[in-house]
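So, here's a batch of structures to check.
Next come two complexes, and both contain chain A; in the first it sits with chain B, in the second with chain C.
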Partner chain A sequence: MSDTAKEEKIIGQLRRILEESSTTEPDWDNFGRNSTIESLGLDSLTILDLLYDIEEEIGVHLEAKEVLNITTLGELVDLLIKNGA
Partner chain B sequence: MTNETSQRTGSARHRVVVTGMGIASPLGVDEKTVWKNLIEGRTGIGPIRAIDTSALKVHNGAEVPEGLAEARLKSMGRRPSDRALDLAVVSAQDALLDSKLISQEQELVPQDVSVIYGTGVGSAESHYKSMQAMFEKGPQRARPTAVPRCMYNAISAGISLQFKLTGANYMVVSACTSATNAIGTAYRMVRDGYAQTVLTGGSDGFFDPFFYPVWNNIGVLSKIEDPIKACRPFAADREGTILGEGAGTLILETLESALSRGVPIRGEVLGYGESSDATHLTNPSSEGQAKAMRMALNEAGVSPQDIGHINAHGTATHGNDACESKSIRSVFGDAADDVPVVANKSYFGHTLGASGALECISAFLALEHGISPPNLNIENPDPECRIHMVGSKPVSIDSRPVMKNSFGFGGGNGVLVLGPSN
Partner chain C sequence: MVARGAANVWWVFDRKRQIVGRDNVIRSGIETDPKKARAIAKKAAHHMAIVVVESLRSTDFLSDEDTTDHLVLDIKPDVLAVMQDPEQSLIIASGHFGNWEVAGHWVSRFKPVAGITRAMNNPLIESMVKKRKSRFQFRPIPKHDSNMGRFLEVLDNKEFLALLFDQHAGDYGMMIDFFGHPASTFKTPAMLHLVTRTPLCFASCRRIGPMKFEISTSNLIHQPRSGNKNEDLKGILDSLNRDLEAAIRKDPTQYLWGHRRWRD
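Right, the complex of A and B next:
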């Protein structure tokens, strides 16, 4: 799978996760690499749920401290690919 | 609004007025629709949609009409999270707008408003989902945010966070008495100067595959199939209660604060009484109930003859209605022959920890309009319940105070005396 296809697949998986679990209404029209973590309604607590769902759906375990400094969805995608997604 | 802490002396006594009300109920999620349904005698009880009840004995419940709360949450940028929290937030927004503490046009700013809220069951949906995940995947796969989502105070915390309210923030949990105890506690805080403004009320939402079946098995739900006829408070042919979901929120503040802000006053809390039966976990005691009623009357400085009508707990179970009518008779004596009694659970269902709030709002609306909603299904009043029930048509009421009763499993009793806006 090309890097672009891999990225698109992960972004699709993250979107499905967030559609299911988010407690806020993200801006789905502009959902993509440049979406900020804040605009997705994630904070230091709710991102724990995202990590839980990522492990369930994508099969990659990330520690909370690894995502502390992440500010965009693109950075999260890169981290997931780096960890074997 | 002032943020001065110098007022928190605990020594001043203030008149406590209601400046905002909000409701998310089986009769609707706006006050106007709720009142129209009440006065036109339309129940919110129907076949339950949220879960499959085909294997259960009872299939009726009072649910908030589909999509209404969800639409309101969306307008706030929220998605449904936990039913009790969601309904609480919807009703809290309306109460805050009504009291002009927030507006649709202005960005939210932190305000020194306390949140003292009631619930019977708490975050039932979060509990159920967390347990379900744990049983399916094992304890090591329990969702990390189950802890804060399942807290009882997830509700008051959620309101505080959503609207930036920086006063006290905690829950009162006492089964079906929760909201009335919460309102009573809030009333005392404002009256005694510990808070200038408190957002109070109650919320419960529990139509899940665990909680509702359990209630089926405790034997207090009406098995009458017709949802319109199922809940029959104080009727000779009553067969039990019907559960409901909902939330009601009231803004209590000092009279001085309301006048200085120039906001309309919707009513006044005049007195509060509370007691514990200390006799049985689920069977009520008329002595305990009467004690709370007398305390509330005494605190309000009124006699039974001064009460214009009673908004009863009125669960429509045989034992509860018999006990409550005996308690009313013991406190009111012969005056019980004339004081009209209305019971709202045939409309809202029994919303447990929210019921006191929904019924207080109903009582304040009755005072504002000078009309009591009719009682549903009271064609055959129980002669053993020696009280004067409002009939099946609305009746005019005067502006004298209302007594609002709430009694709960656990033996807790809460009684409020509510007055009009003058």
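Right, the complex of A and C next:
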């Protein structure tokens, strides 16, 4: 699978996770690498929920402290790829 | 004596808390007679004032190597093993029961303990409390500055994170039965356990005599990940609430009944 295809797959998986769990209404039309974590309705408390879902859906365990430092969806995708997604 | 006097004054003037406290005792099912429930709530108000004085006075005996005159310990072996392991951190979940300050300072003899603290309303008492805390390996996290980054740092340093989970959690909480009635319960200890795999236990510290306490823990809480986050969370939070209820039933006069835990 090409890097682009891999990225697109992960972004799709993340979107499904967030669609199910988000309590806010993110801008789905512009959902992509440049979406900020804040705009997705995630904060330091809800990010743990996301990490649980990522591990179940994508099968990758991420260190919570690493995820807290990221600001965009693109950085999260890169971190997932780096950790074997 | 001064603590009891201050608590009496507070009790007389804060009628709203009197009613909340009495109604909470009745709702818990611990006492159904309104007069007896009110008496429990009043004793609980006294208890909270005594907690402050005890916490200040306990400095000396907590510094001693031998604490047997003041502490009875019931620490489960699996929890003790984690406490003594320099390579492991531990999440200690507790409620506003007994003297959680004494427990926090006792456990800091193993390794540093971090917990969320709220400043005392009285600046003089706040100054005394701060001075005392600095004598132990207790690292207060001010309530306004408590965030996941701070919690993760504590766990990453292989220290203890002490969290009181029994206040109304609002929208972030999960509805879990507390004495048979749904109450919004903080998910933080459970989520931290599920995501970071840090061991988790319940702990309480009950007064059993003047300046004498029983510190007890549950076994480590093992909640295997089922893939259903809400089920896993519910399993852990149910367990924590049951442990807290059991502690409170041992002495209902040592619980913070004045807090509006149930908001329906």
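By definition in this document, the second predicted complex is superposed on the first by the 85 of 85 C-alpha atoms of A that agree within 3 Å, B and C clash if a C-alpha of one lies under 4 Å from a C-alpha of the other, contacts with A are read in each partner's own complex, and residues count from 1 in each chain.
Simple rule for what comes next: a residue touches a chain if its C-beta (ideal position, glycine included) is under 8 Å from a C-beta of that chain, and two chains touch if they have at least 3 such contacts.
Everything numeric in this text was worked out from a predicted model, so none of it was measured.
A.B. asks: Would you check which partner chain A:Ile37 touches, where first means chain B only, second means chain C only, and both and neither mean what they say?
C.D. replies: neither
A.B. asks: If you stack the two complexes on chain A, which partner ends up touching A:Ile11: first (chain B), second (chain C), both, or neither?
C.D. replies: Neither partner.
A.B. asks: With both structures superposed, pick whichever of chain B and chain C touches the larger number of chain A residues.
C.D. replies: More residues of chain A are touched by C.
A.B. asks: Please indicate which partner A:Leu48 is in contact with in the superposed arrangement: first for chain B, second for chain C, both, or neither.
C.D. replies: In the superposed model, A:Leu48 contacts both chain B and chain C.
A.B. asks: In the overlay, answer first, second, both or neither for which of chain B and chain C A:Ser22 touches.
C.D. replies: In the superposition, A:Ser22 contacts chain B only.
A.B. asks: With the two structures laid over each other on chain A, which partner does A:Ala85 touch: chain B (first), chain C (second), both, or neither?
C.D. replies: Neither partner.
A.B. asks: Check chain A for residues that touch chain B in one structure and chain C in the other, and list them.
C.D. replies: 23, 45-46, 48-49, 51-52, 56.
A.B. asks: Could you pull out which chain A residues touch chain B in their complex?
C.D. replies: Going through chain A, the ones touching chain B are 22-25, 45-46, 48-49, 51-52, 56.
A.B. asks: Residues of chain C touching chain A in their complex?
C.D. replies: 147-149, 152-153, 156, 171-172, 187-188, 191-192, 194-196, 225, 227, 229, 232
A.B. asks: Give every residue of chain A touching chain C within the complex, in rising order.
C.D. replies: 23, 44-49, 51-53, 55-56, 64-65, 68
A.B. asks: Along chain B, where are the residues that touch chain A in the complex?
C.D. replies: 74, 77-79, 81, 141, 143-145, 148
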